[in-house]
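Before any comments, here is the structure.
Note that the chains take the letters A, B, C and D in the order they are written out, and that residue 1 is the start of every chain.
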Amino acid sequence: MDSNASNARLEGVIPPLLTPLRDRDALDLEGLERLVEHTLGGGAKGLFILGTTGEGPSLSYRLRRELIRRVCAQAAGRAPVLVGITDTAFVESVELARFAADQGARAVVAAPPYYMPEGQPELREYLAHLIEQLPLPLILYNMPPLTKVPYAIDTVRWAIEQPKIIGIKDSSGDMTYFEQILLAAQARPDWSVLIGPEELLGAATLMGGGGGVSGGANIFPRLYAALYRAARTGDLERTRELQRRACLVGEKLYTIGRHPSALIKGLKCAAALMGICLDFMAEPFHRFRKPERERVRAALEEIKDLVQDV
Amino acid sequence: MDSNASNARLEGVIPPLLTPLRDRDALDLEGLERLVEHTLGGGAKGLFILGTTGEGPSLSYRLRRELIRRVCAQAAGRAPVLVGITDTAFVESVELARFAADQGARAVVAAPPYYMPEGQPELREYLAHLIEQLPLPLILYNMPPLTKVPYAIDTVRWAIEQPKIIGIKDSSGDMTYFEQILLAAQARPDWSVLIGPEELLGAATLMGGGGGVSGGANIFPRLYAALYRAARTGDLERTRELQRRACLVGEKLYTIGRHPSALIKGLKCAAALMGICLDFMAEPFHRFRKPERERVRAALEEIKDLVQDV
Amino acid sequence: MDSNASNARLEGVIPPLLTPLRDRDALDLEGLERLVEHTLGGGAKGLFILGTTGEGPSLSYRLRRELIRRVCAQAAGRAPVLVGITDTAFVESVELARFAADQGARAVVAAPPYYMPEGQPELREYLAHLIEQLPLPLILYNMPPLTKVPYAIDTVRWAIEQPKIIGIKDSSGDMTYFEQILLAAQARPDWSVLIGPEELLGAATLMGGGGGVSGGANIFPRLYAALYRAARTGDLERTRELQRRACLVGEKLYTIGRHPSALIKGLKCAAALMGICLDFMAEPFHRFRKPERERVRAALEEIKDLVQDV
Amino acid sequence: MDSNASNARLEGVIPPLLTPLRDRDALDLEGLERLVEHTLGGGAKGLFILGTTGEGPSLSYRLRRELIRRVCAQAAGRAPVLVGITDTAFVESVELARFAADQGARAVVAAPPYYMPEGQPELREYLAHLIEQLPLPLILYNMPPLTKVPYAIDTVRWAIEQPKIIGIKDSSGDMTYFEQILLAAQARPDWSVLIGPEELLGAATLMGGGGGVSGGANIFPRLYAALYRAARTGDLERTRELQRRACLVGEKLYTIGRHPSALIKGLKCAAALMGICLDFMAEPFHRFRKPERERVRAALEEIKDLVQDV
């Protein structure tokens, strides 16, 4: 199956790409190149840029465009690029989508506008207006802890009826909701139902999910790709074993520091320690300082065996 | 494996028993008898009384004792009875546990005290004091939407080291947390890791969970027992198919009426329409009125085929 | 105005009485006696027992009854006693209310049942059933951070039309809601609109509120009584000055320790250090250990001048 | 006192200006001009543009700049203009601030970055970086229901020590927090402590607050200006009476429709019915349809007498 063909269902592990930075408004170009190769070489079936893990909303529009341009160019012909266009301003989302289309992106990804507390009927109307203007197919991004407003299940059912909407990435962690989507999406074989949290990749795929947007795949793409394949082929024992490993990776790596941003910081710091890219972060975050960095280094040592030979 | 033996791990489907009432402070005795036979006859591997579905916290202590006495007597020698002792007052929990032990219950079940906002260190101390006084093993009941305070994963890890604590029922709906518990409980083969939401019974069991406390098993015990068995034996196709049915049951039956109590009310009303027991509810809930009752009747008709031949 | 007369509106500062304990299920009798004298002698216009500050839900029913009996006896003829009957079980609330009536209490106080997630229509029905059975007038207790379910403003408007409901204690901290109640309660001059958080006693009284259920009045009753009087008589400068002091007391005394229980623990520890009563706490809380106790001692020294000469 | 002088403390009623639109990305120019005259003529002491009520985050950057330019030009020499620069991207906030400075704005206003869940230490660092780059003084905007992250009181205390930060607009509705700020701000006589919710304007001003950013002042500026003056001069009876009116305005006008956006929609619809400006709204909101519009018309009729003769 050629997952890059424009009519193929997106599936497999699609990392939410970190955005390597060397300053608040400057890309770490070498790091970005290495990161793209590292993930694609490790079995990633696509790249999702400008998501939460990619610090999308924290970046200037200028830098977002530069990132889109570079990743699309580098991945061209090898893997589909999905571009986050989530924004509180409709007009800015549309402009970014047009730019992404021009650069060869495969689809755009949008969470609900995340400042105003819109109701679900307004959210449906927003989506209806948005897909009218979009030059690319749309994937929904459900992330209620950050957007406050979820894509409620009825809104997802409506979306499944819109040809231009081709899937969802669910980062809610709510597997009941995920099961409800699987049930509803039976009507659209081309619809991608992707799970966010990597602790759920095994269960989600066993139950029929199409893949995962796993943050950990930035650094250990083989582990998540293997976990996905095991679950996809119904190898229960191996699924449990690889999921156990993925959970341990998270326990060690995403729990350093006091702030809710521990996951993104842990990933970016680990990527830096592994020589992939710099760990500079855009405000409002900052990279780990020395003590946390040492804890990440120790965690990487501890999990070394878990992420090999997969 | 004799799941009633006092040293066997609790597993399989254990319904959180509805409490049939004929008045605010009076049991529906015939209904209760029928309900116990209906669930045990349908494959339930135990009975959990005085939980949320059983309206435990809404019942007088006198009635709670009467319920314990009757269910223990009826189930004696056939299935283990687990008794909810969740309370805001430590002394009342202990007294109820003693009564339950005298009546032959197998274990008691406790959620965190749910009025005061205790921290996790206090919660661990609470558990330490509690198990000192308990004449029976304890199963944790994680239900943060109602108790506000969760059993945080570190508290569960501590609990896994306490011989007197023998399992957890997780109703959080958070599968990442559930996976973390599975990982930690590998150290205790006698520990029961049970899932609350029936939409997750398939996924939880596939990943290694020990069973479910499925509300729907009050009325359709065979469906949930079959789903559990399919997942337990690794029959992926049948697991997906039966989980799909279970999700549809929930979509039809637990979404009637505007209030968050829709699940309990839907179940109790359906049980009444099926001739199992009365649908009287203790304050602060009230049974469905006529229009909702008719919608439940229609839903039962719609899902009729889903719950047969399992 | 004789505020003890059964038809007078309850007003002024009414402390939510700490429950002095010498063990989990035993009152500190001498401490209780001293506490009642300390508060009444300091200007308290009534006593509210078995509230949150009194750890009501954490106490056994036996102990709750003993507390009611003793406080009613000691306060008889001097100040009205309000008894918390908040419970998840309707039958237990009613029984406690009957006992309170027999002992001479002036009114009972009830928050919404705090386990089940009832809707507002159910809550109104609950109140309607409850007042039918109550031998005493009822005061609502709005405490959404602990009960999850609030008394929504429409429910309060309904309550204002019920002769048997005579007021509300609002601990939500939401002054917009408080203003809405003041507006609605203009129709019932006998209705008491009391504010919970002591940081709001000045503003609430200036805007027309009837008094406060101020936790700090357990230890510094004169400060809160003086603040209430200043605001009641429109002395703006003195209100601001005394409110400033009350805020400083809270900043110093209620912020020790990491847990959300800091307020109750700070108060009980301070009361112990002031020689009023023991600081034993019922589960799920425990009294401050040595380091926190020393910080409370230091805080008391710091605020010494603020609470004198009022 | 010349409140337009660059060193004077901002105080009084400063409306959070609606943004009159004739399309998603086009200003209603005549409406905007009328609205500015209506508010300034009604006693507004400044104009706050691009806040929540102004739908700031929903507008394109191009339109935001046009709005800044026009309002600054129209208000020049008459009233200070405060410009919302709240953004998830640091670089965009700074660029907007520079533009605002060039156009003659008096200060900029920023809520915490509202997508990422930064901790308070990160938020302080963010502010430290931001004020280094800002060409204008900064006013904090505390709006936790929409930003998720609040300016915690310790962060506000830190801000009070930064000369470049000159005040806060608190829209949390948490008067305890507001009192704590008043206490802390005694050290900075030039600091403006402004209240958001208009139901709290009376209480906040009586306790020492410096004014209000009252949405209702878009349409009834005289009412809020009069309420502020009454409270500022200590006229308790008139404060209560005018606050009562302001609360009734809110009860009638901000409770139409099912969605949490009722306040902004009610205001914009009322402004349209009063002939001030169009009621077009940017996504994700839409203007009221006919039935809600008729209810707003009826509400305006009902409250007509409340907002006159002030």
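Here is the rule we go by: a contact is a pair of C-beta atoms (placed from the backbone, for glycine too) under 8 Å apart; a residue touches a chain by one contact, two chains touch by 3 or more.
Remember, it's a predicted structure, so these values are computed and weren't measured experimentally.
Trainee: Using direct touches as single steps, what is the fewest number of steps from subunit A over to subunit C?
Mentor: 2
Trainee: Rotating subunit A so that its CA atoms sit on those of subunit D: what angle is that, to a multiple of 5 degrees?
Mentor: 180
Trainee: Subunit D and subunit C are one sequence twice: same or different residues at the contact, by the over-half rule?
Mentor: Comparing the two copies, subunit C and subunit D contact each other through largely the same residue numbers, since over half are shared.
Trainee: Between subunit B and subunit C, what distance separates the C-alpha centroids? Give it in angstrom.
Mentor: 36
Trainee: At what distance in angstrom does the C-alpha mean of subunit D lie from that of subunit B?
Mentor: That pair's centroid distance is 50 Å.
Trainee: List, in ascending order, every residue of subunit A touching at least 2 other chains.
Mentor: Answer for subunit A, listing residues that touch two or more other chains: there are none.
Trainee: Got a list of which chains touch which?
Mentor: Result for touching pairs of chains: A-B, A-D, B-C, C-D.
Trainee: Along subunit D, where are the residues that touch subunit A in the complex?
Mentor: Answer in residue numbers: 24-25, 52, 55, 57-63, 88-92, 112-119, 121-123, 125-126, 129-130, 145-148, 258-261, 282-286.
Trainee: Mind listing the subunit B positions that touch subunit A in their complex?
Mentor: That would be residues 173-176, 179-180, 182-183, 197, 199-200, 202-204, 206-208, 234, 236, 239-240, 243-244, 247-248, 251 of subunit B.
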